[in-house]
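Think of it as A, B, C and D in the order they're written, each chain with its own count starting at 1.
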Amino acid sequence: MNVFPYLVAAWIFLTGCYGLVTSRNLIHAVGCLAVCQASTYVLLLAVGYRDNGTAPVFSDLKPGTRPLVDPVVQALALTDVVVGATVTALLLALVLQIAKRHGTVDPDELTELRG
Amino acid sequence: MSRRLRLWLLGVGGAGLAALLVAACLDVPAFGRRSHPYGERAVRASLARHTANVVSSVNFDQRAYDTLGEMSILFAAVLGCVVLLRQAGDEHRADPRPAEVALPVRRYALLVLPVALVTGLYVIAHGQLSPGGGFQGGVVAATALHLLYLGADYRALERVRPTGVFEVTDSLAACSYLVLGLAGLLAGTAFLANTLLPYGTFNTLSSGGLVPLLNAAIGMEVASAVVVLLAGFLDQAVEIEREKGS
Amino acid sequence: MADAVIVVALLLTAASATAAVATRDPARQALVLAVLGLLLGVVFTVLQAPDVGLSQLAVGSALTPLLIMLSVRKVRRRGKEGDK
Amino acid sequence: MNGWILAATVLLTAGGGAALWGVATGPLSRRVVAQNLSTTVICPSLLLLAQGYGRTSYVDLALLLALLGPVGTLVFARLLADELTGDRPAAWGLTWTAAGVGAAVVLVLCAVTGPSRAMVKLLVIGALLISGNVVASRALSGGLRGVRDG
């Protein structure tokens, strides 16, 4: 159990990379990138976890009564989830432009167009 | 590069990366360990400033400068989308045909829309107390607005959503974050320092000094950013068509 | 034993990430990504990060699928216009 | 590990596994039904987890999911309407079973909480979850026929 969550994060990252490289559709590639992003959140939160800990949110908890997990990594992951979604939107907008200009979303065909 | 060569490269590179990652995982401090020095200091600092949600305190007080960076990325991404998705010279707008939606679905959408909007505002407003904050609540409120597209049709949504207003709100919210930061400089402390306002009573809505204000600015920014983004995509998918014969 | 729920959530997430990559059609991939988003929300909850979980549920349940499906529709319509 | 977390684990393993299998394989009509099912399974397990960890503030997650999960399914029902014509997914047995599980979880938690504001919140979540689930199923099985904007 000591390293299992880290290995899961590594697995998600590697599968996402595999999908990115072998993708035949740019929209699918953007989806694979979203999978890669997910791995970083899992890794960050796994680093901050503490056995039997609870969230450092005191609206329904008296300070000092229970062990707490690390809030710093949570803050990092939380902003990135939302910002990551807008970056996904930017990439999808680029894909739409490519579809308009070249009439295809297959990266292999795009390479042939240029050469 | 041929497909086969690319797969070979991926295989070699992926295997190498996997080996390095596993080696790194075995050396990282164990999962669920006891000591979190940064976390403990962050909790202490947050309690000293009467902010009940430590994560919000880290985001909008202790690491507010980092959030400024995240906000700029968000702003830049939205700007990029608006530029990329604008109507090109060889395109025209076609009025979308009105949609027929079954009555239960329509009723559900119109009933849930206000509930979701209020929930979004609640999540933003309670950011410094319970889980939530500007980032999450902004997305919820903006998504709620699009129930109008799902439950009615695109023209109904366009009537209540002047894109220009949301673009201006987006910029205003980004500016207000900066101005709130600069206020600290004017008061003689540091940029984005949480020293201006009284910290208030612990676990009440007005606690945390600058945190609720920055939180609200981010909430406005995220909500209008998502609305503008989706407006661009909806325009492209529903309305904009290429001129015939071009 | 106390970690059973964490193990289950992580395994489900890993499986859905693999399924998302293996599903090659973007519309079908969007469906898997929506489920992946929800499962990530559960992982964040069991790792005691409700703030991140809220963020993930807000983004993953409706926003990301909507963006991807609108792009798919635009690209397909584009293809249909080109065929004419 | 207490009973609540154990129940959430069982629900996640069975329901989440089934939803994942359904969404990753088979025809499109089965996949959208499985996506709808994932909301109805995960929302009660989030409620159970909140109870198991003894944190009432975690209930917000279930509230958000009960609101936005059906919205996600409506997105698919709307934008896949063309592809779903002719192969209308109708899984009312599954829908009502999942709704029953959700209602049972909410009622048990209400009984434990006792009359208070938290109980009202739980009831709201339950109502949103079940109505959203049923309406999303309705939309998938033909409620958006004739949507042809583009």
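Keep this in mind: a residue touches a chain if its C-beta (ideal position, glycine included) is under 8 Å from a C-beta of that chain, and two chains touch if they have at least 3 such contacts.
Keep in mind that what you see is a predicted model, and the values were worked out from it rather than measured.
Under the contact definition stated at the top, the chains bordering both chain A and chain B are C, D.
Each of B-D and A-C has its own count of C-beta contacts, and the greater count is at A-C. Separation between the centroids of chain A and chain D, computed from CA atoms only, is 24 Å. Centroids of chain A and chain C (each the mean of its C-alpha atoms) stand 10 Å apart. Look at where the CA atoms of chain C average out and do the same for chain D: the two points lie 15 Å apart. In chain C, the residues that reach two or more other chains under the touch definition are 2-3, 22, 30, 48, 50-51, 53-55, 58-59, 62-63, 66-67, 70-74, 77-78.
Counting only residues that touch two or more partner chains, chain A has 1, 4-5, 18, 46, 48-49, 51, 54-55, 57, 59-60, 69, 74-75, 78, 81-82, 85, 89, 92, 96, 100. Shown for chain B are the residues that touch two or more other chains, namely 32, 53, 55, 123, 130-133, 135-136, 139-140, 143, 146, 226, 229, 233, 236-237. Chain contact topology: the protein chains form a complete graph, every chain touching every other one.
The touching residues of chain B, when paired with chain C in their complex, are 32, 53, 55-56, 123, 131-133, 135-136, 139-140, 142-143, 146, 226, 229-230, 233-234, 236-237, 241-242.
In the complex of the two chains, the chain A residues touching chain D come out as 54-55, 57, 59-61. Within the complex formed with chain B, the chain D residues making contact are 57-58, 60-61, 63-64, 67-68, 70-71, 74-75, 78, 128, 131-132, 135, 138-139, 142-150. The part of chain A that touches chain B in the complex is made up of residues 1-7, 10, 13-14, 17-18, 21-22, 46-51, 55-60, 63, 67-72, 74-75, 78-83, 85-87, 89-90, 92-94, 96-97, 100, 108. Within the complex formed with chain B, the residues of chain C that make contact are 3, 50-51, 53-55, 58-59, 62-63, 66-67, 70-71, 73-74, 77-78, 81.
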